[in-house]
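A quick write-up on the structure given underneath.
So that you can tell them apart, the chains are marked A, B, C, D and E in the order they are listed, and the count of residues begins at 1 in each.
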């Protein structure tokens, strides 16, 4: 029965990061049983260590030639490796920030880290998924971990409510996505992205089959749009961002975006790339709605997490604009934007966490009042982050917007570009609000920063990175361009 | 020669700089010595220049000093044009300025701003030199504005006096109205000639032929615009309103700036531009008519004034009108001639007035004077000379110049010149009436001086008396001495152009025999008897039957009212320009700028966006079934869109 | 109308009816039972589609385990009683219209012109020795071994998550700590607490 | 030359700023001295830019080029010509003034204050020397950040509103510029400004690009009706902020017209020049009337700035009309007049705002009605004020005259009415400036606080004296400035008059 | 013979009933979970039908995994539900609106 095992075990090493991570999860899980509550720090350090090693393993696979194994359900290409490395780095940073928050709010539990690791695993599966099945499973691994992560603060009413909303809406979205997948499967007869791509590109675009593909496409796009948090499938975003513990919000707002982008790329670009003209219109509408609603509603928020949620929606609109262009460079622009956004979002939520102290939940914009007086350094860091989010050069956020705009304009969507920049300006207003509270207001909030040095250090580096990469963005741009 | 001109121009500047920056350090005596020495140098050199150019018929000096700006072929430089006109002006300006400097020692000695004052008047002299020595329009404008600046500073010299600072602002602004036209004129000159240099401009005048602007010949427009500048500086109706106000400044500068030199800049300028004005009869007519109106109506105002300086000021306005009339009838040299004589006797009159004011302890109301003749004999006599010169008493310098103007008008062939002739003749009567009225009220009759002042009443100090005497001499004689050379022997010929069609000067020359013969001839003319009439009536009202004056005032109270309200110019300006502009500004600021643009458009759009945000956030109700419904509803919309409107729709709608 | 069709329509009818009954049921426990009925119908239809293994799984796993879990929770939380106050949203007609339009649109797409018998002919029935389970099993452990592993991870998450969430915190538990009791010192017995006035402007 | 001059001029101030931040607010005095010495050093370096500049060519000089973002062919490409050199020197000069002006006055976060200005100096020099459009945009926007903070932190009561308004206004304007730059890149494949000069564009394209650029530059200049941010920003900004804002930041708009609008889109510029001219004239006249009724000294000067900057745009855009009538000098007069006006306004407005600063430091009021009779207690100061007021009025002999004179001469060549309207500033400008001077400085003292005023100290005296000298020198002898820029402007004129269609 | 179309339409109807169930229901959250299950069964039916008509097992295998996922989802969903009940004492959909705006 040799043909039972159809994969070559020697090629398993390309799955090494995943295998290692899963093993690490199991080990930590078991180890955790024998740790008392005073040594839970160990879990944290083990988590960081396993993230680091996974990242290194993934890093080792960068520039590896493209490999598709497991009967075409797993792909290793440059994009996957780079995304994985980036995810690991982002998660490590997020965990550094989380530790402070968890300690301050008595949420420091090893399950938290295990769930994070599991969700990372799910995202790795998504990033490398090359069949509808693995993509779906990865998505569910991610989603289920996130539901649990949000609800982990079960003393907080908001957190449970957020988890519940996310859960229900997420389930609907998954179901819609599945429905779309079933249609694609039904018309193409395969779950494999590669075969779907072949089928679609061989299909006469005038035949009735395109109608079915189109029909399925609608559901797929909606499912993906939900994961990205694009209007009108954004409703979960503000509630979850606000309700979840800040460290979870930090996590949700950053790393899963890569996963969402990669599922988008795998299905819509790799799979249905030749149907581009069909889904780009949808994307255009969704992104315009996202930019508009995100920018405008964020203006009237007073809760900083909620405000950042709406700003995320607006950023997602920009990311989706990159996919409207239909060129590989355009997709690169979207990826660039995503990576940049993650870097900024990490720093922004990191700043919120930084201000948390024992039992004091920081989530109002006005909590930043007078920061520049008590900690000029971190006020400066926040300034950099906010201006970067607003897209002011020479900070990194500018280049991401620039890249997208350049692609949009070169594809001839000048009106949309004009629209986008106008809303970019409008959105600047609420970033300035934070700067206003930090710098311009005199009233004292008596902010003390008692985070550990590692958090302070990482946060500073995070923000400075935004500036430095902003000054020398060439490397990062070259990197994202090499992904396709 | 270039160095001499430079020294003439710069020595007052050096004096001004020293007095201005180091005056308080150096002390009063050093300061005034230095500035006066500087002026003396200028005066002496001016006389030398006068001698060289006018008497020895030296060559016209026209040279650029340095390039101000150079753009391709357009060169605007700072340079000197010294011809006979300039030479005459140099002498007049430097001489009177010197006298005023000396006079100031006595007049201002106790003022806190003594050194500053010297700095200013020296600076003024410098500016005036720049103006008259200029060889191009830019530099002319430079000097033009610079004298305006100094005038502004000096009118407001006593800055604690509200009326003084009000007056200097008014003076500057009214002058700016003139400058506005002047600058436009200059710009148009550049447009047609491509240069701002006098010589080049005058050479390219034929380019303007057949060019039209605003329905007039281009050259007419240019001349009128330039004349607007002259109207501002030389205080012609209706831009005269600043000059009476300027009397708020110290008396020496009233003499120097607002009588003798600066206000005549307009006259000088028009004479300088004579090649242009000669091309436009319309412009000349306007000049003449404006001058005539100023001459008569400003004179009339002099009758009802009781402030000694104001009377002199209105007489200045009137005399400036005469000069302008002369310009209008193409008798430029006559205008310059009158400018010169007027400079001497009007400076003298002002200084006399100043002397009286000092003696009266800064009392300026002539109704509270009287009988000063005995207390202040020198002042009296010099004042008498000045007055007689002003009214054109035969033999005095003013007689020659004014008579020439009247004659020139008489001979003019311009339309309306016959009306203007009537006006200027009547003007002679008016002039002599108000002049003598003032003179009688101040020096003759019973003393109405209050007791306290009367005790200290005495003749002024020597530094005041000296200039009076020195100025009295030319007031007496200069007309007699120079009329022939200046008007008919071509002193000014290399500076002034008169078109052959404008025959006044030619006829004058034909009529003229000698200076001496004019005196007997005058007695047979109407102007002489007008003057005598004026004197008589003045005597009647101010000495013989003072109560008649009051009776006339009451009887013709309407006329009196019109005169005392200065024809309502000030009220009109206040109402229309000052208040109007303020109202307009407030309207624009409040309605257009603040409400419309800022509140409505700028902040309004922000508010709209915020409002939209507030509305849109209502979508986020918090109910999960609403969220789900929105998702499904969006699904419906998208599905419908894709199925029915896509590129390959299921159903054609 | 063939036998197969009759079977199909009978079960379809029950499927739809029980689904509707489930969503409009005011009693949660009853709703679960309607759902069970719906699952039975679905399983029957799957058997029609020769997916015996899945049909059995559906009944065993879903009806046998998941639905019981639902019932268990309902009974545990005692929420079936609270359903008396149940009501539907005010805009029910609008919502139903939306749903019906979607159904119509989907049916148009999925109608016979796309998926009719002339497009997709009915495949021949498998032979009697065909084992659906064997075929699937062969695939699970070869082609789909990777997803299979992932499914394992998924279940692991479900376990961890469920325990983490529902399991109460240590802090709430009265647990004896012997080492703490032994190491206790006199000064730990009394704790001086400074009492602040409560902040009146508590949000 | 190891380190190239221009890079040094851009980065030295920025790193100086960083250095000064690290000195910290606790050691304010060290921070002050270090800032002063560095800014003087930078000024000296910028002077060497002038001395070694070759004004006989329009080509860019001191060019540096190295790859920055290779994907888009964006380079770190800098260089200067006769248009940028004077503005760079103006920048370095103004920074010194600002640092001295803030010497004792700024006590709150002193080192941050100094650092903000130093950094802004570097960024603005970057704006004036960028030859790559994206680099230009980066500097352009980045320079907003320090200004935002300066107004917001050290500003007046209403500073938050003013700073955010300033930021959003200018940001909104400039994003359109970014889009058109991107558009041109997509068309021509290069972000180099010089390549854009040679890029063929159809008329429709040009029109869109023109209005996009207009949005960016007109807001900055600022031009009616996009000017309302300026009074707020100026009034609320600290003295130094106002000085930099007026002296340099407004010039960035004018510079933009020179560097971008005219050479890149000549046909659209020609087509729309009349609209711009009319807006400029409205700026000049309308704003003049508004300035007249201001009760706040700073607001008055702010409005006067708008009015004066109207001459810059007027001068720039009359070139087309003058050219229609074959008067090349007319066009040049307008353009060079605009440049001179920018430089001169840099000095004069700086001086005027410093003057207000001096008063504000003493009485903490900007209301005109608070003052009156200041001359009695501050004679030296009033002397300077009158000089600067006269310069503001455009009195010959001061630098204010030169630019206005040239622009009016140029404008009248285009159309007599333009000349008439622009020349009306002679009256209006004089009216609002001198009326303000009269109410603040002349007359009797009504407010007892005024009678307690102390005349300016050595620090203030020296700043004002230096400015006074510069204002007079440029007014009396502007030729060196014109010579510096002449060839570049002539080349620009040639570009602007060469149709791309 | 039952056509594929009929199966698909059946599943689409069930699918929509599930969707409607979510948004017409204010009763309690547990019904929402059941609706999700219903939707998943509808999708599963889709897959099974396709699998049958295509003669390809992949669809059935997908269904197998979906069932796994659904089961896990229920576990977590019910856990969250329990938490909600603990904190609010109710599982009415109406109580979960403290996060809004």
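Keep this in mind: contacts are C-beta pairs under 8 Å (C-beta built on N, C-alpha and C of every residue); 3 or more make two chains touch, one makes a residue touch a chain.
For each chain, UniProt lists the protein as follows: A = NADH-quinone oxidoreductase subunit N; B = NADH-quinone oxidoreductase subunit L; C = NADH-quinone oxidoreductase subunit J; D = NADH-quinone oxidoreductase subunit M; E = NADH-quinone oxidoreductase subunit K.
What you see is a predicted model; the values in this text were computed from it and never measured.
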>> Using the contact definition given at the top, which chains are in touch with both chain A and chain B?
In response: C, D, E
> If you check the contacts of chain B and chain E, which chains show up for both?
Replying inline: A, C
> What is the chain whose Cα centroid lies farthest from the Cα centroid of chain B?
Replying inline: C
> Chain pair with the most contact pairs?
Replying inline: C-E
> Looking at mean CA positions, which chain is nearest the middle of everything shown?
Replying inline: D
> Quick one: chain A and chain E, Cα centre-to-centre, how many Å?
Replying inline: 26
>> I'd like the Å distance between the centres of chain B and chain C, where a centre is the mean of that chain's Cα atoms.
In response: 99
>> Need the CA-centroid distance for the pair chain A / chain C, whole Å please.
In response: 27
>> Counting only Cα atoms for the centres, state how far chain D is from chain E in Å.
In response: 65
> Residues of chain E touching 2+ other chains?
Replying inline: 8, 15, 18-19, 22-26, 32-33, 49, 58, 61, 65, 69, 72-73, 76, 79-81, 83, 96, 98-101
> Which positions in chain C touch two or more other chains at once?
Replying inline: 89, 95, 99, 102, 106, 109, 114-115, 144, 147, 151, 154, 157-158, 161, 165
> For chain B, what residues touch not just one other chain but two or more?
Replying inline: 617, 620, 622, 624-626, 628-629, 632-633, 635, 639, 643, 650
>> Going by the touch rule stated at the top, which chains touch which?
In response: A-B, A-C, A-D, A-E, B-C, B-D, B-E, C-E
>> Taking the touch rule as given, give the residues of chain D at its contact with chain B in the complex, in rising order.
In response: 165, 169, 225, 228-229, 286, 289-294, 327-330, 332-333, 336, 373, 375-376, 386, 390, 395-397, 401-402, 405-406, 408-409, 412-413, 416, 419-420, 423-424, 426-427, 430-431, 434-435, 438, 441-444, 477-479, 482-483, 486, 490
>> Quick check on the complex: what are the chain B residues that touch chain C?
In response: 625, 629, 632-633, 635-636, 639-640, 643, 650-651
> If you look only at chain C, which of its residues touch chain A in the complex?
Replying inline: 106, 109, 113-115, 138, 141-147, 150-151, 153-154, 156-158, 160-161, 164-165, 169-171
> What part of chain B is in contact with chain D in the complex they form?
Replying inline: 66-74, 138, 141-142, 144-146, 149, 152-153, 156, 159-160, 162, 165-166, 168-169, 172-173, 176-177, 179-180, 183-184, 186-188, 190-191, 194, 213-214, 581-582, 584-586, 588-589, 592-593, 597-598, 601-602
>> Give the list of chain E residues in touch with chain B in this complex.
In response: 19, 22-26, 32, 93-94, 96-101
